[in-house]
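Labels run A, B, C and D following the written order; every chain starts at residue 1.
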Amino acid sequence: MERVRLGVLGMGRQGQIHSKNIAYRIPEAELVCVSDVTQERAQQVGIDGVETYDDYRRLIDRGDLDGVVIATSTDTHEEVIKAASEAGLHMFCEKPIATSLAAIDDVLETVRKAGVKFMVGFNRRFDPTFKHVWELVQNGTVGNPMIVNITSRDPQPPHLEYLKVCGGIFFDTTVHDFDMARYLSGKEIYEVYAAGSVLVDKRIGELGDLDTTMVSLKFEGGTLGSINNSRQTGYSYDQRVEVFGSNACAFGNNETPTRVEYTNPKGTHSDVPLYFNIERYPEAFYGEIQAFADCIKNDTPAPVTGEDGRKAVVLSMAARKSYEENRPVKITEIG
Amino acid sequence: MERVRLGVLGMGRQGQIHSKNIAYRIPEAELVCVSDVTQERAQQVGIDGVETYDDYRRLIDRGDLDGVVIATSTDTHEEVIKAASEAGLHMFCEKPIATSLAAIDDVLETVRKAGVKFMVGFNRRFDPTFKHVWELVQNGTVGNPMIVNITSRDPQPPHLEYLKVCGGIFFDTTVHDFDMARYLSGKEIYEVYAAGSVLVDKRIGELGDLDTTMVSLKFEGGTLGSINNSRQTGYSYDQRVEVFGSNACAFGNNETPTRVEYTNPKGTHSDVPLYFNIERYPEAFYGEIQAFADCIKNDTPAPVTGEDGRKAVVLSMAARKSYEENRPVKITEIG
Amino acid sequence: MERVRLGVLGMGRQGQIHSKNIAYRIPEAELVCVSDVTQERAQQVGIDGVETYDDYRRLIDRGDLDGVVIATSTDTHEEVIKAASEAGLHMFCEKPIATSLAAIDDVLETVRKAGVKFMVGFNRRFDPTFKHVWELVQNGTVGNPMIVNITSRDPQPPHLEYLKVCGGIFFDTTVHDFDMARYLSGKEIYEVYAAGSVLVDKRIGELGDLDTTMVSLKFEGGTLGSINNSRQTGYSYDQRVEVFGSNACAFGNNETPTRVEYTNPKGTHSDVPLYFNIERYPEAFYGEIQAFADCIKNDTPAPVTGEDGRKAVVLSMAARKSYEENRPVKITEIG
Amino acid sequence: MERVRLGVLGMGRQGQIHSKNIAYRIPEAELVCVSDVTQERAQQVGIDGVETYDDYRRLIDRGDLDGVVIATSTDTHEEVIKAASEAGLHMFCEKPIATSLAAIDDVLETVRKAGVKFMVGFNRRFDPTFKHVWELVQNGTVGNPMIVNITSRDPQPPHLEYLKVCGGIFFDTTVHDFDMARYLSGKEIYEVYAAGSVLVDKRIGELGDLDTTMVSLKFEGGTLGSINNSRQTGYSYDQRVEVFGSNACAFGNNETPTRVEYTNPKGTHSDVPLYFNIERYPEAFYGEIQAFADCIKNDTPAPVTGEDGRKAVVLSMAARKSYEENRPVKITEIG
């Protein structure tokens, strides 16, 4: 295979990031085409020589692609995945795969039958800092993980309109941290206990959602964990992990724009962490698409599977149930 | 009052630390006498001009003291506190006050009736780092505390003999962190959920105890928290706190012996944190006795009350019950 | 002006970096063409739609460019700059402009007469960390700079072949730091005193060069400074600055690949700094070309002038003379 | 020898610190007596069982001491050292030994003839951080020291009255750093070049002194170094060292009162370093007297010798001469 030929579906913010990474930073891949229901948006991507479609089906029907990146809205995923499966295209799909477990199981079965690669966009696994923590676990530096603590807080809440449709904080935010907990520890979570509050904005509570949460985790083998989330730090994106193991305790800390600090009579001062996901995770967005291209080119398994995507959703469902019933919930209760 | 005249009961490690701090570092106080059931141990304190007793009652009966520091074994506390109360002596008492809630309530009632000051030895409140975090909460820098995370891990487990009598990890270790959580947040905890494992040493499990725990906390007003404990880091004492509030997130990090770091081809390296409580908390041990002397001298309330001591025990009991029944437990269930 | 039309001359490592930044990361600019004496190398740049030349004159003669980036070998600069000046092209020129002061003065005069913009490639001014230190000086946070300390050390020496032609450590390495010292302080250096040793590799000494140097600086207004250089850290690129002022002391520290640290019984360990200039300064390489495009587009002065390029060379000459004569040398002695 | 019997001469700030350390923190030593020309000041030391004198000769004549700590004013050192030598007493002497090289040579000869131990109070060698940097050099972690950089800045200038008699910044401040440079590198300095300015307070310049200096160092074997001093940081004591060697670069950084940091929208903030020498060096003051007692008790050589004291003065003289003549000065020019 010369270069991996890819198309990107959905030219929202994420689709544009993927398109540019494929076009400019991944020599092994080629951005052949993009699609968006609004053709103007597809054309805005502005990369020379890239064909644009307003109907994703025509893109899929070209017949000369190796794979597609699915960055359309979640409610279209099921349909798109099935169409791409039929066309025998490998897929990179933004999370969540779908909103119901039945739908997820259905598309995963479709994908399995089609025998194509299917990778889910848990980009944080490709953040250099978190990846290095993972390596320290994998290479034995950390030893057996005993406690995993994850902090994941947004600089400010999304718009209320978004909050209404995002499925709630466990599905919109904690879902990433569940995946991170599994990824870093190399272990499965079998039970969660979730506590939650509305401390940032009363309107979030009025939507039946939470803005501050603490989830307690039990992993196979006795490892314990916690995930704390907040919709608002006021400062910036606070994304840190800690894996305490039998040999060492590893920390993945926040990135800052610069390495400047200054000391004056009030103290020593340094930068606030990078503002939000666009600023914090550019290398992760690049790394995940690079990994997708690599697994096609080298015919290796996708590094983040549909099963990974499913498990994070199941854990989010368990967290929600735990919060609602104020009791620990076993994952087997969900499915 | 010229200088506060104090006696110290119990010349174990802690009693000796208190004796030296009173004798050498607190000009407003005077170490008049010490006692220990083994008079030799009392004499070993080796401070010029300090009288020694093998019977604490004779010390209490001197009639010329302002207060006593009770550092005898926990099973003697009830008796000693009652005797000191009768003698009208102010008291500084190592934690726990007693092992049963009934006994604690009994002595607190005695103390109240005697009208003497009663301070409990939660030394960590006087650690300069944790105290400064507390100040940042108190002065509004942190804003409303939304999440409180406490890490508290020992370098290595105590001897099995000690483990057999210490009451279990929640009473021996987490009890300090419950107090810290209340202290830092300025809020009461009303419910806990405790998870625990045996990952360090199977023999700890055979004693019916745990060596790795994660406690989820709910505070009045919606603040959430977590406490994670381990009996063994391998490196040293790992004692950190984080208060995430509406205005800022404050961190109390570990102390190290020096501020040296060096960079070589393997990375940048700095000291391991201070080894254990003796190394980490000398200023806290000094500060609490200074505070005790101050509250006698200035006739101000004890900065850590008997009620504080009681609440930490109640929270430990709730954590144990939560672990045993694998469900969140309200503090009101305990008493 | 729609987009700034640029050509890049010289497809060595630096020319390729500039080409990619123009093509992919600067929407306001367009990479129209590149040249290299070896046309194959020019073609290797591999950016769609970019014309390639093996003779830079044909590139300059196109007549449809706004500016050129000169990344050819230093000995061609004089000729190229004159040709571009005649063609009325704005120029970004890698440092050094030329190797003799006479040649530099000659081309700067040519450029002045042509009335085109001329920017010199002191990329480090565009490093986000150093730029932020500069901002802290500019916005008054630092106050009046009193002491400026610059550390600039390479991971390992270049090949001996390169060392033979690079002009010596003061011209090859310290020249960047002289510019940094002027940039950060906002002040001119009027006298230097240079000490030097051969501690890394005897062969460097046999070439008449040094591998370890310490230059003491005097700035107008009484500010003092130091620059220390080494050809070999063993670990990686060590590039740090400190500006101690009347209001604060600002530090620009090293960047590391990740923000991971781990604590084990041997200490707390974090990443070694980024390896060398390619790893450390990608944003600086991008930033300087962005700034070049901006100054053409907005018709603003070049942010690093030919005069800046000349001054750094003069300071390097003074340092060499100071070392050879072991005495402080005034800049006015050089020219 | 049971306990080392010591007397302290001079009950100024430093004498009191030494007295308390001997009395309270060094079990191997005993504080027998103290003297001060003002007997009241001697009595203020307030340690039970310590005899006080207003005439140091009577203290020396007791005949039952092992050694004395000389913390009287510099102009009395010569006389006191001779008297103590005659009495066969070991001596710990605050720096400087004397103000003229002739006087220093004279007393060092006297001491040598008396065959007593003579230790000079370069306390910073006993600071845990700097000592650890020294260890990293000694144990080979750093390798061959190639560059030594020392930052040493006071929070604010002393009173003008003190400035008039202190001998100038090189003798009052840099003298400590010269000793540190020799100590850390394990090498002798053979040439210095000093630059200086008046940037903090014009009145310091009117006294013929400097408040901001940069000294360039050449060590035997080719190691290079720099010392930068300032009389005023505004924030606090800024005391840092760096030893860049063939294997690693070691840093001794500032100590802070706590390990708290907090992040808010303006950045991440931590404590200002400890305020001044009393706050920064308590362990160093303790460590040096402990070392003095140890060398008497174990009959081992004094860890900081009279020769060390002399060399630091010679380097200060060379720095002054270098500044005055604006040229590098060899140590052999001084004596």
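Here, a residue touches a chain if its C-beta (ideal position, glycine included) is under 8 Å from a C-beta of that chain, and two chains touch if they have at least 3 such contacts.
As the structure is a computational prediction, the values presented were derived from the model and not from experiment.
Enquirer: Provide the labels of all chains in contact with chain A and in contact with chain D.
Expert: Output, common partners of chain A and chain D: B, C.
Enquirer: By mean C-alpha coordinates, which chain is most distant from chain A?
Expert: Between chain A and the rest, the longest centre separation is with D.
Enquirer: Given the two chain pairs A-C and B-C, which is bridged by the higher number of C-beta pairs in contact?
Expert: Answer to which pair has more contacts is A-C.
Enquirer: Per the centroid of Cα atoms for each chain, what is the distance between chain C and chain D, given in Å?
Expert: 42
Enquirer: Per the centroid of Cα atoms for each chain, what is the distance between chain A and chain C, given in Å?
Expert: 39
Enquirer: Just how far, in Å, is the C-alpha centre of chain C from the one of chain B?
Expert: 57
Enquirer: What are the residue numbers in chain C that touch two or more other chains?
Expert: Within chain C, the residues that touch at least two other chains are 233-235, 238, 247-249, 263-264, 271.
Enquirer: Show which residues of chain B lie in contact with chain D when the two form their complex.
Expert: Touch list, chain B to chain D: 20, 23-25, 27, 48-49, 128-129, 131-133, 136, 141-142, 247-255, 257-264, 271.
Enquirer: Enumerate the contact residues on chain B facing chain A in the complex.
Expert: Listed in rising order, the residues of chain B that touch chain A are 144, 146-147, 149, 151, 153, 193, 195-200, 212-214, 216-218, 222-226, 228, 230, 233-235, 238, 244, 246-249, 326-328.
Enquirer: Would you mind writing out the residues of chain A in touch with chain D in their complex?
Expert: 233-236, 238, 256, 263-273
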